[in-house]
Amino acid sequence: MEEPEQYAVANRQMTEQAVSQEAQSQPQVPSEPGTSVFDTRNVSIYYGGFRAVTDVSLSIHEHEITAFIGPSGCGKTTVLRTLNRMNDLVVGARVEGDVHYRGASLYAKDVSPIAVRRRIGMVFQKPNPFPKSIYDNVAYGPRINGERNKGRLNEIVERSLRQAALWDEVKDRLNKSALGLSGGQQQRLCIARTLAVEPDVVLMDEPCSALDPIATGAIEDLMQEIKSTYTIVIVTHNMQQATRVSDRTAFFSVLINEKSDTRTGVLVEYDRTAKIFQDPNDSRTRAYVTGRMG
Amino acid sequence: MSAVTKADPAGPAGSARPLSERRPLGDISFQALALAAGLLVLVILVLIAISTSQQASSWFSTEGVKIFSSTWNPSANQFGALPFIYGTAVTAIIALVIAVPVSVAIALLLTEVVPYRWSRPIVYVIDLLAVIPSVVWGLWGILVFAPWIQHIYASVSSGVNGIPVLDSLFGGPTSGASFFTAGIILAFMITPIVTSLSREVIATVPAIDKEGAYALGATRWEMIRGAVWPHSQAGVVGAVLLGLGRAMGETIAVALVIGSSATITSHLLAPGYNMPAVIANEFGEASGLFRAALIGMGVLLFAFTIIINVIARAVVERSGRRKRGA
Amino acid sequence: MAVTTGQQTADLREPPSWRRSKNRIATVLMITAFVLVIIPLGFVLYTVIAKGISIISWQFLTASIPPNVLPASIGGMGPAVVGTLEITALATVLAVPLGVLGAVYLNEYGGNKLLAKIIGFMSDVMTGVPSIVMGLFIFSIWVLHFGYSGLAGALALGCLMLPIVIRSTYEMLRLVPDPLREASYALGASKARVTVTVVLPTALGGIVSGALLAIARAAGETAPLLFTILTVTTVNRNVFSGANTSLPSQIFANASSPYVGAQARGWGAALTLIAIAFILMVIARLVTARFSRHLR
């Protein structure tokens, strides 16, 4: 009972000035061997004049599963969507700071968001299959990339559905509408659809929150299997899931700006998952992870 | 489109195919095409105004203010439009007087009285009414309706003989093809649009307000008067204005049943004329100043209906019409 | 029946009779209004069917148009049927793609921009422009230079159809859920691709049904054709040049004729026209029911 109190009090004491102070004392993640796929430095994200997320600096490493955890409104989804420039679709959204993808700046003037998204895919919270057949859903990505050869498309569809552990269930009804699948199946279909374009990175925004525990387990197994081919970043509010699947975890929290009565997200701590959950450096992290795990 | 011809493999670490690509040409041209299609609306409206005014310019300049005179005599080169403006106003008003109460009543019927299951067939009937082409209304009007109602007119006219106001309205010479007949047919034709728009407006009344009235023990009619009406007043006014615009512009049915007589008279049961009807009936043989006059009346019609529609749409939007759809 | 609860007596009787009667009268009036509308509708449909059915036959739909004075058994409305079909088809080809593109602009690209709001507003206003004005417009801008033709008529009908198609397509595009667009963007599609490969196919059922209703409306219009096709009675299979005719034009011409034969042919043409409009309406409803299920 005491820890959450501490956490709440600590949060309430954050003022606007403390925001910038905090930012300067961000924990530096020690660079480790293993290529970094994303490097963000002092990234802040604004919607119009409102600062939604402040000063995020972290590196995502190749062939790892990185989890973003934190309370609601802490900006973890906002940061995730910055990595494949999906925030571009929101009117008034603005990113400050550096976001580098394999050494290249993601927000440079001449960068095409379309090219970015072909290499950095995304799976959404609620499954959103197209109202087309199962086959056409998976083939959509390759087709818009120019693939016309029927034979190759068949291969790609089968490969992607196998990777998503869905092939056996749907192989006899590839021409049926995707909307006839169950929720868990639809989400695996969306994953297959994303894998079909063979991206470099797969971003997942709470992919299991709309699913039952069995479907969730299936997707977590899937993540472990494809980890060696892809790099995965997952936003989750389920801490057990983070401990189960991720190699590294980033804990975000909310700063309450008393003057403007708004909330800004901030990165509190980022480290190997074991460290975050067993022996975190920051008291806020400790409060969050222990408070939930009892 | 870009030069990518197959799925881009992730590749080994560090393989950075440049992320910069020019925006695909197809993407840009599609957007341009869509924008052009949208602009077409504005372009057409402007062209309508310009081209028709140009054709009518000889009438405007020759007659000057006299375009509003009441003398219409083509053979004497006199082209005063007042009889037709009068006729347009009269038929539209008759149509509104009949159609508005009926349409609003049906709209209330559909939203407040009838359970959802029964509302579908009623809406189908209204849609059926809307689908009957103007010319079929006219055909039926002149060949069936007018001869039949002629008798009623005759009785009414002799009946009101001598009674002050009624005599000037409904007395005097009668004809099956008359202002009033045109007004009735117009009423049938504008009912669907006034009904459907009123329905939309009435449907936006918050359920809380209605429940509040019921909770005070109101009967349904009292709830409608107290909760529904104040909310939807403005929107219904907008719907009425749209009906007015429609009634003013309806051509073919009116052309067939209005009687084709360019006179200004208070006798509604007598033959008359209005702007769209005279244009439709006389255009074929007209030339020179005559034709310019007819096109000029088209310009007036265009101006009137645009103004009325702009006001109507603005009123409807202001009254907080909830947009259909998700 | 009064219920006694301790001190007070709750009066649970019905409200006073004058309030009840007012309510009842109001309900009766509303139902009367509906009946008032059914009567002429039924009357018109009955008359058209009764008078038209006796003259409808394959011969009627294909034979040439005889002089008005000849009786109903001779000739038919063939040229008018051909004219209606070809002119309406041409108008559809002109108006529907442009209307769909215009709606795409409004919903997918326009957003909150002032220009989009103006275009959307004026498009709705344009639906209120009288059809005869469209006819005068095309007369002034086209016929005076290029002469009468089915094409001119199609242009006028197209101007009529354009705002209707824009509005109905726009409403359908709005119903397409955003997550579908997001999924497409996330796979690296450009905005045009998203629109063409996901949004339009998803909304297709509704778009088609809206277009069918616009076509039904256009097929029945007379006024725009008055000054653009110069109603003749001979068949003209070349829709791009030369005067033409159509079912509504013929009905208009025959309605003012004193000859019984011409009038009878008018009824036949009216029945044909209503049948066409009705069939299009039914198909539109079927398409909506069948293809828009997944938008719920």
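Letters A, B and C mark the chains as written, and numbering starts fresh at 1 in each.
Basically, contacts are C-beta pairs under 8 Å (C-beta built on N, C-alpha and C of every residue); 3 or more make two chains touch, one makes a residue touch a chain.
Given the structure is predicted, the values throughout are model-derived calculations rather than measurements.
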Using mean Cα positions, find the chain sitting nearest the overall protein centre.
C
Computing the C-alpha centre of each chain, which chain sits at the greatest distance from subunit A?
B
What is the distance, in whole Å, between the centres of subunit A and subunit B, each centre taken as the mean of its C-alpha atoms?
54
How many Å are there between the centre of subunit A and the centre of subunit C, using C-alpha atoms for each centre?
49
Subunit B to subunit C: how many Å between their CA centres?
14
For subunit C, jot down the residues that touch at least 2 other chains.
177, 190, 193
Name the residues of subunit A that each touch 2 or more other chains.
114-116, 118-119, 141, 145, 197
Quick one: which residues in subunit B touch 2 or more of the other chains?
23-24
Quick check on the complex: what are the subunit C residues that touch subunit A?
111-112, 177, 179-180, 182-190, 193, 197-198, 201-202, 294
In their complex, what parts of subunit A are in touch with subunit C?
84, 86, 89, 91, 114-119, 121-122, 124, 126, 128-132, 140-141, 144-145, 177, 179, 190, 193-194, 197
Using the touch definition up top, name the residues of subunit B that touch subunit C in the complex.
23-24, 26-27, 30-31, 33-42, 44-45, 47-48, 51-52, 54-55, 101-103, 105-106, 108-109, 113, 122, 125-129, 131-140, 142-144, 188, 191, 217, 219-222, 224, 242, 245-246, 248-252, 255-256, 276, 279-280, 283-284, 295, 298, 301-302, 305-306, 308-310, 312-313, 323-326
Provide the residue numbers of subunit B that touch subunit A in the complex, in ascending order.
1-2, 4-11, 13-24
Hey, which residues of subunit C end up touching subunit B in the complex?
15, 19-20, 22-23, 26-27, 29-34, 36-38, 40-41, 43-45, 47-48, 98-99, 101-102, 104-106, 108-110, 115-116, 118-119, 121-134, 136-137, 139-141, 144, 159, 162-163, 166, 171, 174-175, 177, 190-193, 195-196, 216-217, 219-223, 226-227, 248, 251-252, 254-256, 263, 266-267, 270, 273-274, 277-278, 281
